[in-house]
Every structure is written in structure tokens, then in C-alpha cells.
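Shared chain: chain A. Partners: chain B in the first complex, chain C in the second.
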Partner chain A sequence: MPRVVKSREEFEGEVYESLVLVEGRDLPLLDGGERTEIGHERRRVDGTARVTGRARYTQDVYLPAMLFVRVLRSPYPRARVRRIDTKKAEALAGVRGVLHRFNAPKAAFRGEDTIFREEVRFVGDEVAAVAADDEDTAAEALRLIEVDYELLPHVVDLEEAIGDVAPRLETDGNVAEASTHKRGDVRKAMKEADAVVEATYRTSTQIHNSLETHGAVASWDGEVLTVFESTQHVFGVRQGLKMALKLPFSKIRVVCDYMGGGFGSKGGVGKYSIIASLFAMELGRPARCILTRDEENLAAGNRSATLQQIRIAGKGREITAIEHTSWANVGQGKWVANPTGPTNTLYDVANVSSKSYKVVTNAGALSAFRAPGYVEGTFALECAVDELAERLGIDPIALRRKHAGSPKDPLSGKRYSDKHLLECYRIGAEEIGWRRRRNGGMRGSAPHRHRGLGMATQIWGGGGGPPAYATVHLNPDGTVVLTAGTQDIGTGTRTVLAQICADELGVDLADVHVRIGDTENPYGPISAGSVTLASVGPAVRIAARDAREQLLGAAAGVLETPAGELRIDGGVVVSKGARTPLSEILGKVENNTVIGKGARHPNDPELSQRTFGAHFAEVEVDLRTGEITVEHIVAVHDIGRIVNPLTARSQVEGGVLQALGFALTEERFVDRATGRVMNGNLENYKVPTVKDVPTKITVKFVDRPDRRANNLGVKGLGEPPIIPTAAAIANAVANATGARIRHAPLTRARVLDALAVAEARS
Partner chain B sequence: MNAFSYARPTALADALRRLRSGAVALAGGTDLLGLMKDGLVRPDTLVDLTGIEGLRGWSRERGKGLRIGALTPLIELEGNPQLGQLMPILREALRDAATVQLRTMGTVGGNLLQRNRCWYFRDEGTPCWLKGGTRCFAVDGENRYHAIIGARECVMVSPSDLVPALVAYDAEISLASSRGRRHMKLADLFVAPHGRERREHALRPGELITEIRIPEAALARKGTYQKAMDRKAWSFALVSVAAAARIERGVARDVRVVLGGIAPIPWRVAAAEKGLEGSELDEAACADAAERVLAGATPLRDNGYKLTLARELVRRALRSLVAA
Partner chain C sequence: MPQVPSVNGAALRGPGPIDIALTVNGNAVSARVPPRRTLLDTLRESLGLTGSKRVCDEGTCGACTVIVDDRPVYSCMTLAVACEGKRVETIEGLAKDGELHPVQRAFVDADAFQCGFCTPGQIMSIVALLRATPAPSEADVRRAVAGNLCRCGAYPNIVAAGVSAGRRRK
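Up next is the complex of A and B:
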């Protein structure tokens, strides 16, 4: 009989309390003994399917008689749609339907009741959609739709939107306070400080650029709506479709076999999913609505640009106070990620005051982007800490050490479940050769090239929690089907879950088939917030244990041996002196099936579960051209037990590269006069290329199970590796050149400007 | 992309006949197809030149210089070892141009005629001056990649990596149309858009580039190509510099300094080049030349950094001509 208990989970920097249904007892922590699978490098179980093209991504879904949908998007940043004339578009051969604000049914979407607004509020906002027999016809039909727009005043720039002359987009203004934190007496500490650094930092808008653009293919059979969607949360999409279409859950199925990246932007239903579903249900043919690269970069989310002011005070060899105020351009978003999160929680500093503001503009809405807020905030905070260390004349790591060792979360006062941040510093400093670091940098490969070292810290969640379910059932031939409601965002979810299952059950990895990405499976959480492994993994382990115990019972009966004298190893039931393959035992009972069930148990509400880490950078800077070359990144993370060192390392390398873009090259430009995104493409929006990759990336893990986290002792790794890289690079550049660049990305223009300032000063 | 008809003639004369109004020549397609997909060029006929014999490949006759067929893929200029000996600047200039895929498809003639990369020009929804609109959006807009010198109504920049290198070697081009043939200096192909000249190239309607020639005298020059990008591959130049000179007993003769990425045309200043005639290309002379090349530059809001970069790359390029 299940019981209801209160649980406390962290998600993307916020703590949530929830009610959890619990049945039975959790397993004790997996012990430290040697295992066949867990702790070993395993290539992805679906690697072959992915690289051969056999894996089915949403964009690979072509259904018989499928319609192609294209969306007409507003060319203006703010306008009223007064009239739409679709006669010419509808007359085009092959066009099957047109939807717009005057004929579309009401559909709830993010707090509004329509997907085609009367007042369009950014370039790219949905105005109409066309379904046609093929893509070209749909695209041509868009050109034939005549829209009468009444243009309205707009603002796209963060700092303009904060100012007095900008049009007010919301009745209570463009700026809204989102969160504040205060502890101690900041004013007093500032007054008594030996040094106070006051600086303004900026970060630019970063676009996700998932290789697979957002999109959905919807199919309605008169009874059930099936939606194939590139999503991080099949259940979230189902929830969104239920709200929009007013269908019961039983009539909606959402499937995501494989996805080509999400990075936070594919967390729920999109307008494209609703549009495809409306056409499918109205026209009785499957409908496919997949965004182009241009649309992807207009209307599928971004990381907010920020303006951040920091005052940080030091006395002796300590940080005594931090004041941090952040403004974030959320575009037409309804929420804001919190850049002051790291300031509030990373360091045990007695006096802290922070404020985070949301600023709306006529640009595409933000969406979560891999450690939203923390990437932006850590850039500012960790640059400021270095600036203070320099002012106090002490080593940047020494200053951090004073505040990084506390076993308690300074925000909540709760104890951390585990923490090895100082160990991360020790390992990282050793790997990068921190002892070589000199004020003023080191000589580079030529007289006009200087080298520098820098580092930065990260704090993030990733403890996960309930609800998350898994079932494990055995086929009569001894092969195993592991079913869970999670999906693989690309981190290797299938592989690590199969490893956990194989170990706990005692079967070969190759015999475990993982079924995920389908709302027909028992519930799984969103693949975001770095929670997947820590949420689903423990449930898989319980399900596999349950199946193993049932199997041993079956084997005991078949072999006429007490279950206590049996164990399962490598797909074989081992008894004293005999080895019987599982297939032989299960063959005897044929289709009588062993089904193991597992559910994630709640977290200890008295503990704060966090991941910690530090990145170190060695850079070389050409002082005359401003060119930055990142030579070496050392990434050290404390994320509990490592299930698969290979996929874990890949995750860190991917995070470092995405951070490299944020740090050096990636920046969305919006023309202020027209509100148009000038570089929503892969030419001028500069994602790092293979040549930009650092010569060396060293990945290290503390690799100690977090004994109080969950039955595996694991925590998440999706987001931690993108958080500290940009600050580490900026700190290394400052070390190399004496030039402090407070705006990410560190473009040529910014580097050359800062070098000129530094030269004028010296 | 709009519907169009397609022809692939095998004779030049046939191709020229087909290049009537509304028809556009297609070679590697690396620029044209993008322009068509973005709705900027809507031809009714594409005349595919790739089936024409005789416009591909290169040859060298002693005393008569180097001839390069307009349809020669860029990758061939980059990868050919003899050409690498003869004119190493080609490899240097092409090495960091676009990507290996684009260099495989792209042709020499197409490279010379590529349209500029200004993001206002490339955005179908922005009615910029060059496309027939009333004003340049970049002047008061997002202009970090735009011109710092030599611009008039339009502040786009010359995007090619190959062009500055060829101009530094006094390249000439042969043009053909159904009305006949003509020749010009490559440098004269480029137009800074102004007044009624809302175009980047002095090509006449229906005209094709058939050949590029490097005079024999220029082949005696030493040359170098420097390029600054905002990432380490697959980027147009923020600033690029091709420099070439004949070095005789430690002094420079016939000096050429040609910049890309800073002006609507490949940027040369005759006075700067003359000033270096007979120079040992010492630091002072190079710095002075950089000042002369960039005299009168008027950076926009976001592109002042190009001036710093251009000075340094000019200095570096010239210095490297006399480096051991």
C-alpha cells in the first residue's frame, strides 16, 4: 500500500516541495564493490543506430498522406494583426488548410488562450499556418497570405527597455523584480572593507542551435492523437496538448525515440505541436510542422542577455560582502532565469544582497538553456572574485578556498548531502599547473603573445527526485526489456540505464533492451536540470532488483534448490556446482512473465543536494590582434558516483565546447530599428568549429558516491560543465594581458578595446 | 525558392546565348543557391556552366604568365603542388576561406563574383539601399562587420579571400558575352556601390568571366596573405591583407598591399605602395604604409577595432615579405 510523504527537490536553482507516493523501502546505497557495468566505460548501446541513420528522430518521421505545415511569422517586432486575407493562398493547388487568429480554435498556450495573437510581439511571432501536400507549396502559400498590420512602437534592446523612453510593453512597465536575497549587513561590511570592486558585466543572448530543430508530426486516427516530437519531456508535451486541445490524457500519446539536442529549449509543448495537431484533427491526415533553421533561431528560445552589477568587498584574505543586481532580457518570455543564484549559494560569505529583474522586450522568448541563469551569473561573479583577489593581492584560489569548504548551504542553512569542492580545486590546480601562474601572465609562443591561467567554480543542482518509474520484464529467452518514461536528450540515457539494470539483474548489457520516450510508459521526469540519472537510475535499480528476486524464486522452483543458494551472474543462474542459463529456466515457464517494478524514493528533506566543480583554463592571447587561443581546459567535477566514465567525459567535453561559444563567439544580434534578428543562421551566429576546440581538454571526477543522495549515490552532469568555463577563460585572459573583459563573448572588438585600455593605464 | 528552368549547355557560345534577361549563370552554386533560398535572387532560368569544356584548369607558359580557367574549383588552386610553388599566396589565401566543402564546390569565377555578406542585404525582409531601398540599415545599425573606409551609400565589404591575393599579383580577367570578348584588370571589376551604381561588380548583363591571368612579371613577387576571423574556421575575414613584392637585394620593388573586409572593394592605396618602393620594409616603413593605406578611415559605431586589426595585419604582412 503506497503512502504519501513530503519531498524536497531542487530544480534549476529553485527548491520545490511536493507530495510523493512511496511504496516499500528504498534500496541501501550500492556498495563500493567491483561491478561488471557500473563504473566502466561503455560505448552507447544505440551508437550504431545513431550513426547509421537507423535511429528515428522526429525529423525522420514521414507518415502516409502526411501534410506539410509552414508558419507565417510576423516581420515586425510589434504590430496589431487587423486583417488577414488567405484567398490567394487557399486557391493554390495543394493547399489543404490555413489557420490564423480569425479561424483557429481557442487553444491554451503559456497563459494565453490563443496561438495566433492579435498583437504580435516579436519578429517571428506566429501569424498564420498553412498545411499543404508538400513543403514547397506550403512555403509558396505563405507568400500569398496578405496581412494588414498596424505597427506599434517596440523595443528590443535590454538597456533601452530598462530606460525611460522605451515603450511600455506591460501595464506595470518592462522591468519586474523576480527574486531577492539578503543576509548579514552588506553596507557595514562594504564600509569596513580593505578593498571593494565595483564592476558591470554583460552577457549576450546565446541561441541553442540544437542540430535537430524544434518540430512535431501529429497523427489523429479518430480516437487517439499521436504526436512525434523532438522533446526533453514527452509527458510535458502531453500535458500541454491536453490544455490546448482539451483531450483526456488517454487520447494523447507523445513519442520521442531520439532527439538531436534540446539544451533546455524543448521542455514542453510548442506552438508547432499544437498547430500540427489542429491540422491533423481537422483534416484527418497526419501533419508535420518542423521549424527551419531561421525559425529555430527566432522563435524557439534563447539564453537571456544580461546586465549585471556587482560590488564585492574583501578584508584581509576574505570576501566580506557581495552585492549583485541583474537585469535579464527575457524577450516575450514569462519567467526569468536567476543569474544571482550562484552569488546566493556558491560561497559561504556572511553578507550578501542580490536582486534579479526580468525585462520584457519585443524579441523571442527566452527558454531554459543549459544551466539557465547560472552560466550568466557565474561569469559575472567569478570574474568579480578574481578582480577582488587581484586587488587584495592574493591568489584567486586561496581567496575562494576560504569560502568554498562550508558543509552547509548558506542560502537554506541545510547541510549538503556531500561536497568535495576543495578537492576539485586541488585536482584542477595540479592538472593545469597552477604553480606556473604569475601576475602579468607568462611568455607565449612569440614576443607579442602572452599566456595566462584562470579558473572558476560552479555550483548546480542535479540531485533529482521522484516521481520516476521503471519496469523490467524478462522475455522467455532470458533477454530483458527495461521500460521507463524518460527520454534521451542525447546524454546517453539508454546506455547508463541499461548498465544499472544489467548489473542489478546479473545479465549482459547486450541483453537489455531499453524502451523510453513514450507516454505509454510509466512516468518519467523532464530531461532537464541535470536530473535524469539521479531520478530514473534509482528506480531502474529497484525494478531490476525486484525482477531479480522474482527470478531467483522462479529459478528455485525450477531447479528445486532454495533461492538463498542461487545467484544470477552474466545471464546464468549459479548454484552449487551448476550453471543454468536464464533462458533455460524461463523457457520452462514460457510466457509466465517476471515483471519488476521500481519507483524513485524521496530525498531527505533536511539535506541540500548540489553538484560542485571547477574549470581551469590556459589561454594564449595575441596582444596585437586580440586573438584568443584556448590551449587547455581542465574540468573537475564532484557529481557523486560515475556510472559510465566515457559518456560522462563526453558530457563534460560537450559542455566545455558550448561554453566556449558563450565565452568567445556566440552572440545574437537584433537590429534595434526593425527588431529583426540579423544572424539567426549558422554563418553569422558563430558556434565553435572543430578548429576552435582547445588543444587539450582534461576531464576529472572526484568519483565518490554521494551516500545521502539516492540508492546509487549519483548526481547529474548535464549542466555543470557549461557553467564555469567562460569565467575561467576571461580570468585567464586577464591574467595573460592585464585586460579585464567584462562582456561575454570576448569578441575581437572587446578584446582589442580592453587591451587598448590596459595599455593606456600601464 | 521559386520555380525555374534549367539548362546545362556544353559550349560557351550556347551558354552566352542563353544568358538573356532573367537567366542567371550557375557554377559551383555555393553563393547563388543561398541567395535563391533566401529569396534574394529569383531567376527564371539557371544556365549551368559546369558542362562547358575548356574553362577548367590552369596553365603556365613561360613568359606568358599564369592562366586560370574561371570554372576551376578553388580546391584545385589550393591543393596543386606546382601552383603552390609558383604562387604560394593562393594556398595561403584559400586555406582559411569558407570550408573544404565550399571550396570543393566553389569556382574561381564564382568567387570573384560572390555577393557581399552584409546581413541587412542578405535579409529578404530588409529593404536596403543596395536592393533598391531608400537607405542603408547598417550605418546606424549592427555594423561590426562593415566598412571602415571607401564606402558611400552602402557600407558592405568585399568578402573574398582570393580577390586580394589575385589583385596583389595584378590579375587580369577575360570576359565573354554574346556581343564579344573584353579584358580588364581584376581590380576594375569591383564597384563601390554609389549613386545609380547599386551593384558590386562591373559585369555587363549576359557577361561571363572566362579566365584569370597573372602576368609573368608578377610571378616573380613574394606574397603573403593574412586574415583575421572571429573564430578559427569558416568565417569571412574581419580584415584580410594580401601583400606582395619583388625583393631585390633586400629591398622591395613593385609592392602591392590589398585589403579585404574593410571596404566595399579590395582596398589599395597607390601612394602607400609607391612609398614602399625601394624600402627595406623595416618596422617604421611598414607602420607608415599602414597609416597611409588607412588614411581617411571613418569607422562606424561597432567596427573601430578593424582599424587596429588592419594596421597590425598590414605591418605583419609586409614584414613577413622580408623575414628569413
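Up next is the complex of A and C:
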């Protein structure tokens, strides 16, 4: 009988209590012995599809008689749409429909009741959409739409929006308190401290620039709406479409077979999916609305720029207090990520006071970007910790060690399910050669080049939790189909789930076919917050065990041997002295469908499940040009058991490289006067290229199962590797040059400015 | 018969859609395309070859890289009409008789992709490199894919795959 139980899950820094439906019993922790698949390097099971061009992404879905949709976007950061004239556009041959605020049906979207606002609020806000027989015609029609805008005062810059003279975009003003935390007595600790560092840090807006832009292809057969969407959560898109279109779940199917990157920005339904669906339902032809690169840079989300003030106090060899205030530019977003999260939870510091503010501006809305808040906050916190260590005259790792070993979450007071952060420090220091570190840095490869070492810590969630379900179908020929409602966003989900299934069931990896990315499958959570493996993996294991037990029951009957004397190994049923292929057993049973079911069981509500890690950086800085060369990054993570060391390593390298962009080159520029994004393309917005890769990236895992996390002892890895890299680099630069750069990215101009300041001081 | 206008003996065609003939992955194909249509859109929409990806559509990312007469080109910056009579190779044409091309095999072995969206372009750039430089160094591979962005950050494995593909072809 299914029953309802309480669970406690962490998602992107926030903790949620929930009720979940489970059935049966959880499995005990996977034993520590050698496994056939789990813990081994395996090539991706979908590798061939991806290297042959056969993998079908949303962009590759072309349906018969499909319409192409293009969106007219506001050229102004804030304006009232007074009138729209679409006569010329509609007269253009090949144009089949135009939607805008005066004719579109109401559709709920993120707390509003329309997708075309009367008051457009950023350059890129949706004003109208055209469906046409081909893309060129749709684009041409956009130019023929005449819009009468009444311009309104706007503000795009974070610090300007906080100030008194900026136009108020919300009735309560532009600034809203989002979260706050207090423990101990910060004021007293500051007064009694040996040293207090007070500093302001800034991080710029980072744009995801997933290579596959956001988009959807919708098709309506009069009964069921099918939407192909590049998404991290097919069920989330279904929910969004239900709200917007008022269709029941049974009439909406969302499919995402392959997707070309999301990094947090593809968490739910987009206006493009609703627009495509409206056209498909109204015109009776499939409709495709896929953003251009330009649009992607305007209206598909970003990591908020932040302004952060930190006061950190030390006494003797310890941190005694931290005060952290953050303001984040969420553009037209309705929420804010929390940069003070790491400050509240990472170190066991007795006195903490933090506040996080959301600031609205006339810029595109934020969306989650790989460890939202934590990347920005860790940059500030971990730079400040180094600044304090320097003031106290102690080694930065020694200072951190004092506060990093606690087995309790200082925010909730609950015990961690597991924690090996000090081990990460030990491994990382060894790998980077921390003993070489000297105050004032080291000699570089030329007289004008200085070399330095730095490090930083990361804390993140990734414990996952219910609900997540899986089924395992065993075919009469011994092949297996694993079905789950999750999606593979490039992290290797298909591969690790196939490994878990093959390992538990006792079949070859090649015999497991994985079907995911479809709302026709059992529910799966959003592929975000690093929760996928720890949520879905344990359910897959239970489903495979269920199938195995049913199969052994069948085999016992066929072989006339007690099930207890049978086992499955490499797709063969092994009994005393006999080996019978699965296909032979299943072929003999008349009702030969074996279906195993599994559900993720709840987390222990008394525990805090976290991932930990530390990154170390060795850099050279050219004092003449301000150029930073990252020579070596060491990334060490404590994320429980590693299912596939090959794909895990790739994920860490990828996180390091995306962090390198945040640390050194990536920065959105918005013109204050016009509100336009000045570098909304891949030419001028600088994502790292192959030539920016550090000479060496060393990836290490503690690789110990978290025995209290779930039946596999696994936790997530998507976000941890992007969190501490920027601070590690900034700390290495400070070590190398004596100059502290408090604004990420650490561009050459900022490095040169900081060098000039440091020189003037000395 | 209306006279076909010409410049220096070459026929001028357009401005409406025109028929072009070219070779794609060894097959003679024809397509009716407006003169402004890119090779990328022609491959994807007229010929159903969706392996080449449209990421920037302005020559800044390399996801649409294909090989035209043995040279790697950005197909979003190449007009279809400019490929009349030329040999075009795309990701779909690399595997022969179900056998992956050595570069494809090397990408799978080295885990040289995550989401896989840039992968066809990366592979085509390296295939073109190997024809000119059969045993490339790491620096050679880096230069060959310097115009191919990967947002997942698979670069270290892409470089490793390129070098090992060269080795195994020797």
C-alpha cells in the first residue's frame, strides 16, 4: 500500500519539508564490495547518438506543415504599448497569424495573466509574435508591425536602482529584503576582535549562453498538445502549460530527448512555449518558436550582478564574526538567489549576521545559473576570509580549518549526513604544492610575471530526495528498458542510470536502454540543484531490484530450483552448476512481462545533506598587461560515492571552465541610457574558448559513500565545481601581486587598477 | 527564350529561388534555394541533415562547421549557391557501414562532450585537421578547434580526442 511520509530536501540553498507518496521499503545502502558497473568508468551510453548527429534536439524537430514563429521584442527598457498595427504584417504572403496584447488570450505566466504586457519592462520584452510558413517571412513580418510606445523612465544599473533618484519600478520601491540570518552577537565580537576586514565586492551579470537556445515546437491534434522543449524539467513545463492554457495534464505531453545545455535557465515553461502552443492550437498546424542568439542574450535569463559588503572579524587564529549584506540585480525577475547562503552555512562561526536584498531593474529577468547565489556569494566570502587571514598573519587554510570541521550545519543545527571537507583541504594542498606558497608570491617565468597560489571552499546541497520514480521492463529476449521522467542535460544521466540498473539487475550495460525526457514516463524532478542522481538513482536501483526478484521467482519455477539458490550475472541466471540465459527463462514463461517499479524514499529529516569541496589555483600575472594566466586548478570534491569516474571528471572540468569565464572574462554590458545589451552575442560576450583552458586541471574525489544519504550513498555534482573557482583565482592573484581585485570578472583593466592602488600604497 | 544575364561569362541567377546541384556526403543532391539562404539552413531544412547546429548564425561559434572541398567552413557563413558543384561533408556522412569514424570513436572514448550540441562542429574541424596533419600535436588540435565554442567546457577531452584520433589513424 502506498503511504504518505514526511521528507526534508534541500534545493539550491533552501530547505523544504514535503509530503511524499512511497510504497514498499527502501533498500539498504549498496554494499562496499566490488560492483560490476557502479564505480567504473563507462563511456556514455548515448555517445554514438551525440557524435553522429543522430541525437535529436528540440531545434532538430521539424514537423510536417510546421509554422515558424518569431517574436517582436521591445527596443525600449520601459514603455507602455499604446497601439499595435499589424495590417501590413498580416498582408504579407505566408503570414498565418499575429498575437499581441490586444488579441492574445489570457495566459498565466509567473504571476501575471498575460505574456504580452501593457507595460514592457526591458529591452527584449515580448510585444508581439508572428507565425508564418517560413522563418524569413516571419522575420520580415516583424519589421512590418507598427507599435506606438509611450516611453517611461527606466533604470538598468544595480547601484543606480538602489539609490534615491532612480524611478520606482514597484510600489514598494526597487529594493526588497529577501532573506536574513542572525546568530550570536556580531557587534560584540567585532568590538573585541584583533582585526576586522571591511570590503565591498562586486560580481557582474553572467549570461548562460547555452549553445542550444531556448525554444519549443508545439503540435495540437485536437485532443492532445505535444510540446518538444529544450528543458531541464519536462514536468515543470507541463505544469506551466497547464496554468497558461488551462488544459488538464492528460492533454499535455512534453518531450525533451536531447538538450543542448541549460545550466539552470531551462527550469520551466517559457513564453516561447506558450506562444508556440497558442499558434498550434489556433491554427491547427505545428508551430516552432526557437530563440535567436540575440534573443537568448536578452530574454532567457542570467546570473544577477551583485554588490556585497562584508565585515569579517578575527581574534587570535579564529574567525569570530561575519556580517554580509548583498544586493542582487534581478532585472524583471520575481525571486532572488541568495549570495549570503555560503556565509550562513559554510563555516562554524559563532556570530553571523546576513541580509540579502532583491533589486528590480529594467533588464531581463534572472534565472537560476549553476549554483545561483552561491557562486557570487562564495567569491565575496572566500576573498574576505583570505583578506582576514592576511591581516591576522596566518595561513589561509589554517584559518579555514578552524571552522570547516564541524559535523553540524550551523544554520539548522542538524548533523550533516556526512562531511569530509578537511580531507578535501588535505588532498588539494598536496596536489597544488601549497608548501611552496609564500607571502608576497613567487617568482614567475619572467621578471614582470608574478606567480601565486590561492584556494577557496565550496558548500552546496545535492542530496536530492523524493518524489522520483522509475520502472524497469525486462523483455522476453533479456533486454531491458529503463523508464524515468528525468532528463539528461549533458551531465550523463542516461549513462549513470543505466549503470545502476545493469549493476542491480545483473545484466550487461549494453542491454539496458534508457527512456527519459517525457511526461508519459513516471515523474522525475527538475535536473537542477545537483539533485538528479541522488533523487532518481535510488529509485532506479529499487526498480531494478524489484525486476530482479520477480525474474528470479520466474526462474525458480522454470528451473525448478529455489529462488534463493539463483543469481543473475551478465544476463545469465546462475544456479548450481548451470547457466541459463535470461531470454531462455523469459521465453518459457507465458506471461513474460516483468515490470519492476521503484520510488525514491524520503530523506532523514534530522540530517542536513550537503556536498563539500575545495579548489586550488596557481596563477601567473603579467604586471604590464594585467593578464592572468591560470596554470593549474586542483578541484577536490566530497560528493559521496562516484558512480562513473569518467563522466564525473568531465563534469568537474566543465564546471571549472564555466567558472573561469565568470572569474576572468564573462560580463554583460547594458547601456544605461538606452537599456540595451551591448554585447548580446558570442562575439563580444566572452565565453571561454579552448585557448583559455588552464595548462592543467586536476580532479580528485574523496569518493566515500554517504551512508546516511540514500541507498546508493550518492550526492550531486553539477554545481559544486563552479562555486569556488573564482575566489581561488582572486586569492591566487592577490598572493602573486599583493593587489586585491574585488570585482569578478577580474579583467585586465581591473587588475591594472588594483596593481596601481597596491603600488601607491606600498 | 529570355537571355540569361551574365558577368564575365558567369550566369547571374536569382533574385528568386534557384536550383543548385552539389554533392553532400558523396551523394549528388539538388535543392531549390533563395540566393540568400545559407548552406546551414539548406542542410537542415531542405536536406533534412540536422546534425550541423545553428547556435549563433553569425560565424562566432563553429557549431555549424562542415567540410567543403576538404576545407572546414562555418556553414552559417556560407551561401548555398556558393556551393554549387562542390563536395560538402557533414557529421552524418562520417560513419561508414555503421562504423564510427576514428574521430567520432575518439570523442566517445575520451568523453569529449557533455550536452553534445557543439560536438558535430568540433568533430568536423578535427576531421579536416587530420587530413592536412595526420598526427597533430595538442597545439595543432587547439588551433583547429579555436573557433568552436563548447559551453559545457569539454575542451580538455576534445583536445585529447583529437590527438588520440591522429595516433590511431597512423
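Methods note: the second predicted complex is superposed on the first by the 760 of 762 C-alpha atoms of A that agree within 3 Å, B and C clash if a C-alpha of one lies under 4 Å from a C-alpha of the other, contacts with A are read in each partner's own complex, and residues count from 1 in each chain.
Keep this in mind: a residue touches a chain if its C-beta (ideal position, glycine included) is under 8 Å from a C-beta of that chain, and two chains touch if they have at least 3 such contacts.
Remember, it's a predicted structure, so these values are computed and weren't measured experimentally.
Q: On chain A, do chain B and chain C fit together or clash when superposed?
A: Aligned on chain A, chain B and chain C fit with no clash.
Q: Contact-wise, after the overlay, does A:D31 reach chain B, chain C, both or neither (first, second, both, neither)?
A: neither
Q: Now for A:T747: first (chain B), second (chain C), both, or neither, which partner does it touch?
A: Only chain B is touched by A:T747; chain C is not.
Q: If you stack the two complexes on chain A, which partner ends up touching A:D113: first (chain B), second (chain C), both, or neither?
A: neither
Q: Considering only touches as defined above, state whether A:E560 meets chain B (first), chain C (second), both or neither.
A: A:E560 sits against neither chain B nor chain C.
Q: Quick one: chain B or chain C, who's touching more of chain A?
A: Partner with more touched residues of chain A: C.
Q: Applying the touch criterion given at the start, work out whether A:P688 contacts chain B, chain C, both or neither, answering first, second, both or neither.
A: both
Q: Tell me the contact category for A:A756 with respect to chain B and chain C: first, second, both or neither.
A: Once the two structures are laid over each other on A, A:A756 reaches chain B alone.
Q: Output check: A:E170 vs chain B and chain C. Expected answer is one of first, second, both, neither. What do you get?
A: Neither partner.
Q: Superposed on chain A, how close does chain B come to chain C by Cα atoms? Whole Å, please.
A: 5
Q: Would you tell me the residues on chain A in contact with chain B in one complex that are also in contact with chain C in the other?
A: 136, 683, 688-691
Q: Quick one: in the complex, what on chain A touches chain C?
A: Its residues touching chain C are 43-44, 46-48, 50-57, 59-60, 62, 136, 208-213, 258-261, 263, 292-293, 489-492, 646-647, 649-651, 653-658, 681-683, 687-691, 693, 697.
Q: How about chain A: which of its residues touch chain B in the complex?
A: Residue positions touching the partner: 75, 136, 624-627, 629, 664-665, 669-674, 676, 678-679, 683-684, 686, 688-692, 747-749, 752-753, 756.
Q: For the complex, which residues does chain B have touching chain A?
A: Spelled out, the residues of chain B in touch with chain A are 1, 117, 119-120, 123, 125-126, 137, 140-142, 144-145, 228, 230-235, 238, 302-305, 308-309, 312-313, 316.
Q: Inside the complex, what are the residues of chain C that reach chain A?
A: Residues of chain C touching chain A: 34, 44-45, 48-58, 60-61, 63, 90-92, 94-95, 100, 104, 107-109, 111, 113-120, 123, 142, 145-146, 148-159.
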